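Heads up: the structure comes next, in structure tokens.
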Amino acid sequence: MSATPAFEPKIVAFVCNWCTYLGADLAGTNRLEYPANVRIIRLPCTGRIDFNLLIKAFEMKADAVLVSGCHPGDCHYTSGNYHARRRWMLFRELLAILGVDLDRIHFTWISAAEGKKWQQVITEITEKTREMGPYAYLSPARTATDEQWREEAVS
Amino acid sequence: MSRIGVFTCWCGENIARTVDVERVAEAVAQIPGVRCSVHNKYMCSDPGQTMIREKIASERLDVLVVASCSPHMHLKTFRKAAGQAGINPYLVEMSNIREHCSWVHHDKEKATEKAIQLIRLSVEKVRRNRALEPIKVPVTKRALVIGGGVAGIQAALDIADTGYEVVMVEREPSIGGKMAGLSETFPTLDCSQCILTPRMVEVGQHSRIRLYSYSEVESVDGYVGNFKVTIRQKARYVDIDKCTGCGECWNCCPLKKQLSEFDYGMGTRRAIYVPFPQAVPARPVIDKNACTKLKKGGCGLCEKKCLAKAINFKDQDKLVEELVGAIIVATGYQLYRVGQDQGKRKLSGYGEYGYGRYKDVIDSLQFERLVSASGPTGGVIKRPSDGVVPNTVVFISCVGSRDNAKGLSYCSKICCMYTAKHTMLYKHKVHEGQAHVFYMDIRAGGKNYDEFVRRAIEQDGARYHRGRVSKITEENGKLIVRGADTLAAVPLTIEADMVVLAAAMRPSDGAEELAQELGVGYDEFGFFSESHPKLRPVETNAAGVFICGACHAPKDIPEAVAQASAVAGKVQVMFGHDEMTREPEIASINEQTCAACFACVRTCPYHAIEKTEIRSPKGILVKRTARVNSGLCMGCGTCVSVCPSKSADLEGFSEQQIYSMIESLV
Amino acid sequence: MIESLRKICRDLLQSNEVQVVIGYGQSGPGKPVHPVFVRRPEDIHQLVWNEHCYTNLVAYLKRKEVQSLGKAAIIVKGCDERALVVLEKESQLERKNLHVIGVACEGMGEPRLRKCQTCKVRLPRFANEVVGQMASAVDDSRPRWNELEEFLKQSPAERMAYWVEELGRCLKCYACRQVCPLCYCERCLVDKNRPTCINTSATPKGNFAWHITRAFHLAGRCVGCDECTRACPVGIDLRLLNQSLARAAEEQFNYRAGMDPQAEILLGSYSLQDKESFIG
Amino acid sequence: MEIGYYPGCALHGSSNDYEASVHACLKALDVSLRELDDWICCGATAAHSLNHKLSIALPARNLGLAERDGFTQMLAPCPMCSMELIKAGRCLAEDPQVRKEISGIVELPVTGKTKVLNLIQVFQQVGLERLKSSVKTTLESVRAACYYGCLLTRPPETLQFDDCEQPSSMEKILEALGAKVVTWNYKTECCGAGMTMANEETVLDLSHKILSNAAAHGANCLVVACPMCHVNLDMKQGDIESRFNVRHGMVVYYLSDLVGLALGLDPQTLGIDRHFVTRPASPAQVAN
Amino acid sequence: MTTHPTPAHPIALIPVENCYQCGKCTAGCPMAERMDVMPNQIVRLAQLGELERALRAESIWLCVSCQTCSTRCPKSFDCAGLMDILRQQAVEQAKAAPSQVRTQLFQKAFLRNIRRYGRLNELELVRTFKTLAFLKDMNIPFLVKDALLAFKLQQRGKLYLMGERVRDRGVVDRIFQRCL
């Protein structure tokens, strides 16, 4: 358990302007409280969220990254999220083989109506990340999740 | 080095309660480049905005960050304010420290810290904002209406009457669409043609409407305000300008036995024909698949008879171009084909109903012709097989509709009403006749609609059975209809003289191809998709393309007409200005570095990126590159992600802006 | 075999059907095989064909200096040809401006190269003509992902450790990029500044940023010619990265780059049915 | 061509005339049948009425045997059998879990990959052209009502054979043989199937309707490809006539009977003489 | 009393809620006239969890499994399949309609028969069935009814006194054991 009580995870959220950003707004209007660790980067559409941005976020010492946009079929630009979905799917494969900790990178669909879901997602991610402790991107040090992986692997 | 001004808002207590606004202002003031960091109770209020304008002047600020609520709330407000103070509106960014901070956190310490960071994000972004000018797109004040049914007619007339030109394209030889073939309309039972034909004539004679009948849209290029439309005028073999519509030709044509499309095969026409007497234009067309002259070079009687010399057997398809600013799709519907072939793979027909095998099993539009005073039987209900007046008629609803197994899951909405109408019309013409209806649910929502159905049952004695029909067979001249009455919980067999199937409504043939040509979305059934089901019901996701009538979903005449007028309204708003301004936050391509892999072209949801070639003055190919059509780009930025060399970039969310935001998170 | 190959090329040059033949040459027995660009019929003897002709000549088509030589004929193996298919789909070449001479291939190198052991396309499929024929049938029973699966048996951290170590040796010489038949950008992203999307420092960050980008830009495109791995002066096994994406493309989207000229480009299209189990 | 052969209980019992007919006319068309060794009953209605697992296992055992003997295709002339076999085959093919369990139960590895054919499909494989060319006595006096009953086409998504509402595959074959076919309404109505014993009235009613409708549309014989249908329409015809006190006298042929007659085989070899109804001029006699 | 479907209950595994009660099953059912509860009502009862009444219905035993309902169902609901499951349940829970006992007996006899020989032994099937039926209802006419038929079959060489049996009868019995 590498986490210390002092540790406050840094979470970067890349969200689309029309669904998830508004979902987060709704969470605000409904005063749904959640941890203050998330930093939202607003982009027009998940279609705009390039994998280089995610890498950059990790390089900038993000402990977890969230990518979120409109549910399939609801994209403000009709199909941006479909293109994104494919990209992410493959990108995760690449991260997996590189040994990047996939528990540090999250993908969700959150609509403008899902303020509640935004609250839950952020709370969960923050708690989870806090437990896992700071993310040493590219350090071969074994992490908590790694141990977990090992257990699953043997079982 | 830009001079940045940061204006932090209290939003009364909304922000100040959990965010120490003073501390935020002080902290932010330390960020390099920030020349002025102040706060105010209500930034969006007049005093607040005045403060912003004053500071801009006094501190000679050139870019601004307003830290208050969601940009969806007030970005426009503050950009306007800045604009008034002489700053380019696109040099203003907002930090959302209310919805995303003060309202969702209680720990003042953390909230304040976060607020500072959020503002730092925006400061880093705004540094790299570029002054942008709204894109001005000239508007061609002419509208194209595709489809000359009741919806198209309504839209065309509304637009033309406000003084704009309209181009109408109709696939059939005459406008009028399905409504022209209906007998009487629910719930008032007023004669369909009596309502429609005057409107058709108006279209035909309107000085500002150019009608292309017997024509189809071949291709559409350009973008909102500036479409170039190519129209194929199908060879008609009759010069409609010379033709006087006297009728000599079709009266002399020896080929009398051609099945009439207008009568859905219930009646016949000649090889040269006007689909129906009130046709607009009232000019004939030659059926090249029937005409002996065109097939074998014989006959040619009509040509001899025509004093106006309007017949031209050498006629060929012509392509004409029209420039328009808006496109209205009103391509309407067709009936689901009850027989096997649906022209669409995933649908299957009702073998069990024997449509096509039993002459007296007909669909609802065929029945309309049978009861129509102008129909093949002059309005006398005679069954097709032997012309006998049927004493028992079974009407079956939901044929194709709400039948997942046959491929259509949706309700066609109007069948309940017209079936009730059919039973009445039948009863009014055959007094001793008995109408039976097999239905699943009666959906009669609408002004005087349910009353209408009750009338059919209570006054005109239609017998309604709640259940589907399983099979229809023919035995010695009778149609044996095997259904069920689930309310009585009995199987029910009725010996009928005629069966009328309320077949489902489907989009017209070619709807999907047209949608693709226009870059408009459509659902799994081929119905055009509106851009927002509640707030933008007649717009599509392709700017400048609108939809009305049954091409959008099954609907009845009043709805189609209402939608058509709504579209007209939208178009009038658009044509109210000489040019349209569009948000300048769109994509652009660095043509020097573009490798012409055209990944962007493939992924752009709006087909807004084109393949182009850069040529030297001598015309030698220098290189190929992608180029953004600023008239079409909606600024989603998908192209940026797929561009391997990042030659594509997006104003307002440029690579530089985003990266510096991320970097500011250290 | 080689004679018929030379004859075809000689005729092409003589008839001036093409101005240059891109093929394999060898300065002498046992000497390394290298690409040759034959422009005169009399030089045709320079062409050789043996089991050391493993390089993928398609990479030379993107070179301006080669393009300047005029219409080319290129000698390809079944595997190399896949790269041509991708390039054509990405409108980097027009088939009519290129004469493709396919050569039936039993596999290259002694012992066989890794890519050859699981090769499925030993006969070129779209070439103008194919020289030689297959002695043995293509056996596609061979499991293709062994190394990958072996590698994935390690824990994430072990993998990370491996790559930090491996990529740590990267000199940023970009040979992997240069030899790749599918890296044709006029200005590579890594050379772009304002902003610098890819950290160029020779630190783990920099190394990962580059190699992630290189691999991912080949997602659904890499045809597994392994030129990058072969060209790497410090012997980083880049093949693994390419394979992980190739396998995903195949298993998730049933897509193999350069196999079906009709198929829509993987990352240029989408399907409503795409899996999204990983999305919350 | 050689294909596997699963007779099913009926053809080795009271419907031995059907087996005779199938054998004779397929032999004449050089289709040799290899009978599945030690096959067991498919379980029929009883199994799927009383125990689902059994209704998969019994046919699965036979599919297992077929795979063991390397049959790629197997003819099951009884539609009930072929339907049960195909249904089981699909369950197995679709679900590895089921495959595992059932293989255990039937003590044979079984994947369900064997293609099970009904009689019509075998004729289709022989090909209409081949049939045409090998006709010896044309059947012009035949005005057949082709009766498919239930299980030749239903359930359609399991069987994937012909059009379940308006099947026409038998007609095509008969027309190729020069016979006339009538269009009628009861092609796919049920004759009462296995209820013959337990619920006779039902069977008599349903079969009566079928016979009457065929006659009403001018048929001089019924053509079936199912032993049960034959029992109900032929063997029971006497009882039907006495129950409704009518005279049907409707000859009921197996499809293979008519094919056989056209190929010039004699009624005895085809087992036609073992039918119950033989009264009106049989096309064979007309032909000679 | 009503048995509500539980996940354990096989009925819970079929999507009864898909049925929208259009009645096309009833309309096409060749047996509907004779049924006490219409096919669509059977499905309805299943939807309501009123299985008791469905299980005791005669209809499920009148169903001839002709598949017409399933084939024409606009919601592709397998009505015939439901009938099978109900029959199985009815027997397990001993709720089968007494009036339809013959059908059940016949099917029981059928299974017993093939369990013993691996293949159907028609003569024995009739024998067992008739005896079972007789023991139930003591109906002599029905007992002797088909005696003449046997003779007619005999004439046509269609009667086998000794039916066929498979060599490996052990496996057949084991299959039954494992399934029942």
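Residue numbering begins at 1 within each chain, and the chains themselves are lettered A, B, C, D and E in the order written.
Heads up, the rule we're going with is that a contact is a pair of C-beta atoms (placed from the backbone, for glycine too) under 8 Å apart; a residue touches a chain by one contact, two chains touch by 3 or more.
Note that the structure is predicted; figures quoted are calculated from it, not measured.
Visitor: In this assembly, which chains make contact with subunit C and also with subunit D?
Guide: Output, common partners of subunit C and subunit D: B.
Visitor: Hop distance check: subunit A to subunit B, minimum number of steps through touching chains?
Guide: 1
Visitor: Using the stated contact rule, I'd like to know whether B-D or D-E comes out ahead in C-beta pair count.
Guide: D-E
Visitor: Quick check for the class: compute each chain's Cα centroid; which one is farthest from the centroid of subunit C?
Guide: E
Visitor: Can you give the whole-Å distance between the Cα centres of subunit B and subunit D?
Guide: Going by mean C-alpha positions, subunit B sits 53 Å from subunit D.
Visitor: So what's the Cα centroid distance for subunit D and subunit E, whole Å?
Guide: 22
Visitor: Need the CA-centroid distance for the pair subunit A / subunit C, whole Å please.
Guide: Averaging C-alpha atoms per chain gives centres 34 Å apart.
Visitor: Please work out the Cα centroid separation of subunit B and subunit C, and write it as a whole number of Å.
Guide: 46
Visitor: Two or more other chains in contact with one residue: find those residues in subunit B.
Guide: Correct list: 352, 603, 642, 659.
Visitor: Where in subunit D do residues touch two or more of the other chains?
Guide: Each of 164 in subunit D touches at least two other chains.
Visitor: For subunit A, write out the residues touching at least two other chains, lowest number first.
Guide: 51, 56, 79, 83, 87, in rising order.
Visitor: By the document's touch rule, what are all the touching chain pairs in this structure?
Guide: Every pair of chains in contact is listed here: A-B, A-C, B-C, B-D, B-E, D-E.
Visitor: Help me check something: in the complex, which residues belonging to subunit E touch subunit B?
Guide: Touch residues, subunit E against subunit B: 20-29, 32-33, 38, 40-41, 68, 72-76.
Visitor: Which stretch or stretches of subunit B touch subunit A in the complex?
Guide: These residues of subunit B touch subunit A: 70-72, 96, 98-101, 103-107, 110-111, 113-114, 117-118, 121, 521, 541, 585, 603, 605-606, 634-638, 640-642, 650, 652-653, 658-659, 661-663, 665-666.
Visitor: With touch defined as at the start, can you tell me which subunit A residues reach subunit B in the complex?
Guide: Residue list for subunit A touching subunit B: 10, 12, 21-22, 24-25, 27-29, 31-36, 39-45, 47-51, 53, 56-57, 60-62, 75-80, 83-84, 87, 119.
Visitor: What residues on subunit B touch subunit E, complex-wise?
Guide: Per the touch definition, subunit B meets subunit E at residues 352, 398, 402-406, 440, 466-471, 482-486, 489-492.
Visitor: Could you pull out which subunit D residues touch subunit B in their complex?
Guide: Per the stated touch rule, the residues are 163-166, 183, 185, 213, 216.
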